[in-house]
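Input: structures, listed below.
Both complexes below contain chain A, partnered by chain B and then by chain C.
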Partner chain A sequence: MFRKRKSTGIGNRVERSTSQKNIPITLEVLRERIDNMDDAKIIEHQTQNNKLFVLIYVGTLIDDARVNEAVIEPLQGCVNEKISDCISVSEITDISTLKEAEKKLMLGSVLIFDTIENQLFAVNLKNTTGRGIETSETETILYGAKDSFTENLEQNITLIRRRLPLTSLKSEKFTVGSQTETKIILMYIEGLTNPDFISIAREKIESIDYDQILDSSQLAAFMEDHNHSMFPQFQQTDRPDVCAFALGAGKVTILVDNTPFALNAPISFFHLFQSPEDYINRWIVASFLRILRYFSFVLSLLMVPIYVALTTHHYQMIPLQILFVLVDTRSRLPLTPFWESLLMLLTLEVIKEASLRMPTKSGQMLGVIGGIVVGQASVEAGFASQVLIVIVGISAIASFLVPNYLINKANTLIQFIILILASFLGIMGIFMGIILLFVHLNALTSLRQPYLAPVAPFYGKDWLDLFIRGPLVWMKTRPEALHPLQKWRYSRRR
Partner chain B sequence: MSGFSLFEKTSSFNGVYITLMVNRMQMLYFVIIMPVFLIYPYMIWIIIIVGLLSQINIFMLSKWFNSNYASRGYEGFAELFGERSVRLLSFIGLGFILLKLTVITLGYVEVTQHFIFPSLNTNWMILFILLICWYVCSHGMTPTIRFVVIAFLSTAWMFLLLFNFLFQPFNSIHDLFPLLPYEWTMKSWKAVVFIFSALSGPEYLVLLAPWFNTRKKVLKYMTIGNVFTIFEYVFLFIASLFFFGPHYLEENRFPMMEMMRYLESPVFERIDMILISVYLVNFVFAISIFMLLFYGATRIALKRTKDQTTKSGFAVCCSIVSICLFINNELLWKKATNQNILLELEIWAGALTYLLIPLFLFISLRRKGRV
Partner chain C sequence: MNHKHAKIIFVIFVNIIVLFGCSPIVEKNLVEEIAPVTFWSIQKGEDENFRMSTLIPPLVKEKKRLLSVQVDLLKEGVKGFNLKYYRELKVGQLRMLLISDEIAAEGISPLIDTILTDPDISKRMYLVIVKGDFDEYINSQLGVQEDLDYFLYRMLKHYDNQGKMTVVNLHEFMKALHSPTHSPVLPVFEAGNENFQYQGTGIFKNDKLIETTNNLEEQIFQLLDNDHFLKYLTIRDLSFVLGHVKADVQLNIDKAYSELKLNVQLNGRLDEVGREYDLLTREKLSSFESEIESYLEKQTTEFLKKLQENKVDPLQVGKYTLGPFSKPLDEKEWSDKWGRMEVKVDYDLKLQPLTDIKND
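Entry: the complex of A and B
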């Protein structure tokens, strides 16, 4: 039943588009199409030899000053037989179908209708206004490049091309979204990136059939191998240097128009813990910081569940001195450790989410009020123990060390799951949760490549840039897990 | 990729995986109870000699891996033995797999009950472990084999924690004597069988041959795994001899775990609880592999190899395993006092499979070669 209905729908769409193709392009049809569009303009002019031409454009999409300069003035002084010969703008296209005319009009072109020849041309005068290149706010670093992507696709490509001036750096263009007609650019280095990744990415982009693709994360959702996972399977970044590094290692980069975030793939779970600053700091310092990030991730995930497990099931595991403190603080509490922790964690999440949504200054204020007032008050009111407040606080701060925001959010959810398991099965429950997490990660793939590489599957050489960031001079080869066509980073060794 | 294809070969694995799998499949429940069956210092030699015997088996298994039949999986077996015989062998194998699954699961659950949750109904623990294993299996054979790396990295370092016990001031070198037996009793023979059974597990790898891409150096990789296991067994046995002494050793049910109780840490008092919980990773890996093999063997026995794997079929197999585990737990394991029938059976069954499977394959290959 559903199939039948679906096929009827497609049939309708095909029929409509065929009929639209057959409609002859006349001024009346074009007028009808832009009816009720306040910003659409139709202007008539004459050339020097009295030829009438009509300009049709959407004022808000094009550069008004350039219409005069590049189209109206040259055409008014035109003495040639063909109108198109008078325009010196490089991007001038003959339009043959109404659909094409509509598309060009809505993407920022001026349509020129030659009434004598009954011909239609499009001149691209797209308004390129947008914000300038600014510093990245999501991946801030102290040293290193400060520029970040903007919403302008061409500009974003330029930022990458400046870093990788190679003719082998290819950029394939796709259009997705039946309503949004979003431009997508797939970038890769030919002869280096594994062709499988390119074909998989190409195949996935081409198979997208959706009305709106407004953001790169939406695109990622359609391209991911596992839609139901909490873990991102594409690295989202607004830093061109990160993209250049990824491309150079043998990954593909996907840029989406009107989005300042690019997608890099294939990635592994461990990529989410890497920061651009890792490659700027001295390797020993960078390695320490990276280990600290992993440690913090584990800490943020397990500290509260361990508290619940120990206080609920395994008092014998707590050293005597700490046990005295715990017994003292917990003796006056009406709630069980699980409910106490759950409520505190939920409160913390509410505060975190609220401070994100509030304006910057109010957000900071909220953080202070939430942290100090709610924390202190809940202890005094007897809802939570001081020990738990300390643990929740450390856990929250530790979670901020993970550079990837998406994994940070996933972390919170996993924490709740492990908390529930800990309340039922104590320390055993915690490890069951961790095993489930590993099993899940082990089964995940990014562009059909294992998500836990280079641990499982095991690629020994890649460990030099995994938990530590080894010295760059030692990293002679590109990551094995990416199966690059050019193994060596040194050109002389190739 | 199709909807539910458990045995689809999405990637192949190199020799390192063979090493890890050989080692982790030999380090299951029997390593925990090993000193109880050995007790006497001269049994160190038994571990080493049986380890060498195990190496002969490894050699025979490697011959199978090198043959053309191995990479073709079921078709390879069918060509060598004939379809009927393979179905019959699969049917017999089901019992052995089920027995191994039962003993390692119930054994581990008993350890957790003994050390972590003395008042917990073990059926709940069995259920939780099985649920995790179902989840692992549901991803298919490829991710399950890949999981061995996590199992190895999570558990292989544990024996190093006992390193300290070799150098305690109360240790006496006399605890390691006599190194030669005064008499050879039935108990000594049983120890031989036990160790041989404890080292079993690699014979099941012949069923996973299509997933491995290494053909040439398979003997080297399997040998590394086997040698590492023997080293671990010898080390753990010596450590337990030093710690308990041969006289007190037989009084303990789980000497390995008892030793871990004495480990100290400034943060946690009972490290053993954490270590037992971490060791679950290894059991989850092994149980998942055996569950998948159980499902695969059932399909062969029922002549369903050409059909696509189904969720319902897999669920039925998992349910059979679960029911079997619950029944065995209630009727045999819990009630066992001095002699655990299931454990005795597994000691013999493990030794039998490890002796016969490599030998059978080796002889069959040679005979086929001559024909």
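Entry: the complex of A and C
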């Protein structure tokens, strides 16, 4: 009674595709297909020797100026037998099926119908307008390359190829999404990247059966080994230098059309703490910054839960002077430490999220109002203690040190879970939370490779670029955890 | 997750809870509902019982209060405090136990044992002996110094392991109390109407206070045992002060345990001279050094003799009887031998003079 009834509607995909094959391509059929499409045009012209040809195209998808220049003008002056010989565009395809014709039309080709020969061919005049190459906003660095990917797939490939001018840098093309027909490029260095990664990635992309793939994160969702985890299993980056580095280390890179974010895999938990700037700074400074990032991650995860655990269960562990301040200030508050912390953290998340969605200038103002005014007012109104405001503030700032935005968001949720455990079980709850977190991380995989490598399983040599960023001259080998086919980074040693 | 997995996870969870020793009776420790006290002061009561006092940390617009109860047993006092005050007094932050010298003279083992058995109380709690009425002192200072108890604790923490004052925690006291050769010591303070002053080191025989060092003995004790350093060594009889005195102490006991040789190498600078001394030449400085050495030798010998008479060993001389393949002496044996031991003290003082000196 409660079950949904199966739809009995017509338009079954299989039936339609078989029926399309059999329909002969005529002008009437094409006209019917583009019916009610305001931007679609059908123009008839004659050549000099009075041959009639019909142009069919979607005006918004093609470059109008080039249609005149490369198709209409040459054809009007055409005296050849075959009109396709008169066109000065290199990409001309003969069309034999209606499905093919539709696809070409919608991807930015001009269909030319030769009425005499009763033949259809497509000329690719795709409109390539888009934004130019800009500086990355999500992964900003002070020194180093400033270019970042755009929504243009070809341009993105160019940016990588410029950095890795190798014939062994392969780029396999896939098309996914029955509606979106999204182009996917799988890049890897042949003879270096482990073939297992390539075949797994290939297999995963080919198995995607979905109507819309609009973004690389959507693609990642279909390719991930563990869909229910809060941790990203692909490194999403809009920096071509990061992709080139990953490819050179033996990973695969996946580019998605109309997305400025590429996917790198396999990654480990520790990759999420690495920033491109690590390889630009002096190694000691870079190592310090990387350790600081790990420390900040732990700090942002545990500071508020520790406050709740101590004030709820373990007053013995609080330094005496702070304890007296806490006893004094907390006695005025109506909420228990857990609810106080939960509300403050939620408020902070609201402010963070709101400042992201606001225009830049208003966002800054919101930060000031949210951070200072709300914080100060809530202390004065007696909703939160000063100590908690300090702790929440430090933990929020510490969370921004992690370069990966996705782990930043995961961090907040994990913090809530540990907070709940801390309020019930105190420090023991926090430890249980940490143990569960490690158990979960240990179970994760990225392209079927362990997520905690090179810690578990242990790869000693990779530790040189793990918690510290060792000197580049010492990093003689590529990461062992990635099992590259070429172990040595030095060509002479190989 | 199927039924089997759910069962396994439930068993693991229950085991974790049980193995960690979680009590099914939850003790409420919310900081706003408790009053963590930092010290207990235990004095003789009106009859045979104790008078326990403590200070309660204040809340907003509340004055700090001294709570006192008359009890026979220590834990009865804790219960008594809670009946008197609306917030529950918690002992997890108890940092000091102040015991009156009258109780200490009768033995403090029952008190210490009670505290030791309480898992909430830290073993790092400082023990202090107080002469005089501590409650009276606290009451007189309540309006003057707000965080008096806290600063008292900070003082003890500051001088811990610094050698200028004896500071002993519960763990150290118990270690010495149960050692066959080592007599426990505790700092002794005197509480007056407006003063709380360090008096010296209280020396215990078993758990009973038998002696408190005087000014010079205290300095000798600090030099010989406690960190071997004194910022100022004041000798009133000779009217001078040595500064930054470091002592290198060497103890030797012969195989028959009949003789103790104590060699002390003292290094210091002459900080202040109270009377007319001519110390401008090397020769005169040497004779002055000899004068101090012989004075210190005499005083140290007397101090050690006093310890021998009382059969107490706060300087841990007994540990020099231990050897790798020999059976350690038991308490009685060591006590007898220590009491009869001949003591030879030798000081060697090297002074940095006040000014440049002439060589002739």
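The rule we apply is simple: the second predicted complex is superposed on the first by the 482 of 494 C-alpha atoms of A that agree within 3 Å, B and C clash if a C-alpha of one lies under 4 Å from a C-alpha of the other, contacts with A are read in each partner's own complex, and residues count from 1 in each chain.
In the analysis below, contacts are C-beta pairs under 8 Å (C-beta built on N, C-alpha and C of every residue); 3 or more make two chains touch, one makes a residue touch a chain.
None of the values given here were measured: they were computed from a predicted structure.
Enquirer: Using the superposition on chain A, tell me whether chain B and chain C clash or fit.
Expert: They clash.
Enquirer: One more residue to check, A:443. First (chain B), second (chain C), both or neither?
Expert: first
Enquirer: Which partner does A:324 reach: the first (chain B), the second (chain C), both, or neither?
Expert: After superposing on A, A:324 lies in contact with chain C but is clear of chain B.
Enquirer: Just to be sure I read the superposition right, which of the two partners does A:457 touch: chain B = first, chain C = second, or both, or neither?
Expert: The first partner, chain B, only.
Enquirer: Regarding the shared-chain residue A:316, is it in contact with chain B (first), chain C (second), both, or neither?
Expert: both
Enquirer: Between chain B (first) and chain C (second), which does A:425 come into contact with in this model arrangement: first, second, both, or neither?
Expert: It touches chain B and chain C both.
Enquirer: Is A:337 touching the first partner chain B, the second partner chain C, both, or neither of them?
Expert: second
Enquirer: Going by the clash criterion at the top, which of the stretches 24-32, 150-158, 312-320 or 348-356 from chain B hits chain C after superposition?
Expert: 312-320
Enquirer: Please report the chain A residues shared by its interface with chain B and its interface with chain C.
Expert: Comparing the two interfaces on chain A, one with chain B and one with chain C, the shared residues are 313-314, 316, 318, 425, 428, 432.
Enquirer: Where on chain C does chain A make contact in their complex?
Expert: For this pair, the touching residues of chain C are 16, 20, 22, 29-32, 34-36, 38, 57-60, 90, 92-93, 95, 120, 122, 147, 150, 153.
Enquirer: With touch defined as at the start, can you tell me which chain B residues reach chain A in the complex?
Expert: Touching chain A from chain B are residues 11, 13, 16-17, 112, 116-117, 125, 128, 132, 135-136, 139, 143, 146-150, 153, 266-270, 273-274, 277-278, 280-281, 284.
Enquirer: Any idea which chain A residues touch chain C in the complex?
Expert: Residues in contact with chain C: 311-316, 318, 320-321, 323-324, 326-328, 330-333, 336-337, 425, 428, 432.
Enquirer: Can you list the residues on chain A that touch chain B in the complex?
Expert: Residues 313-314, 316-319, 425-428, 430-432, 435-436, 438-439, 442-443, 450, 452, 455-458 of chain A touch chain B in their complex.
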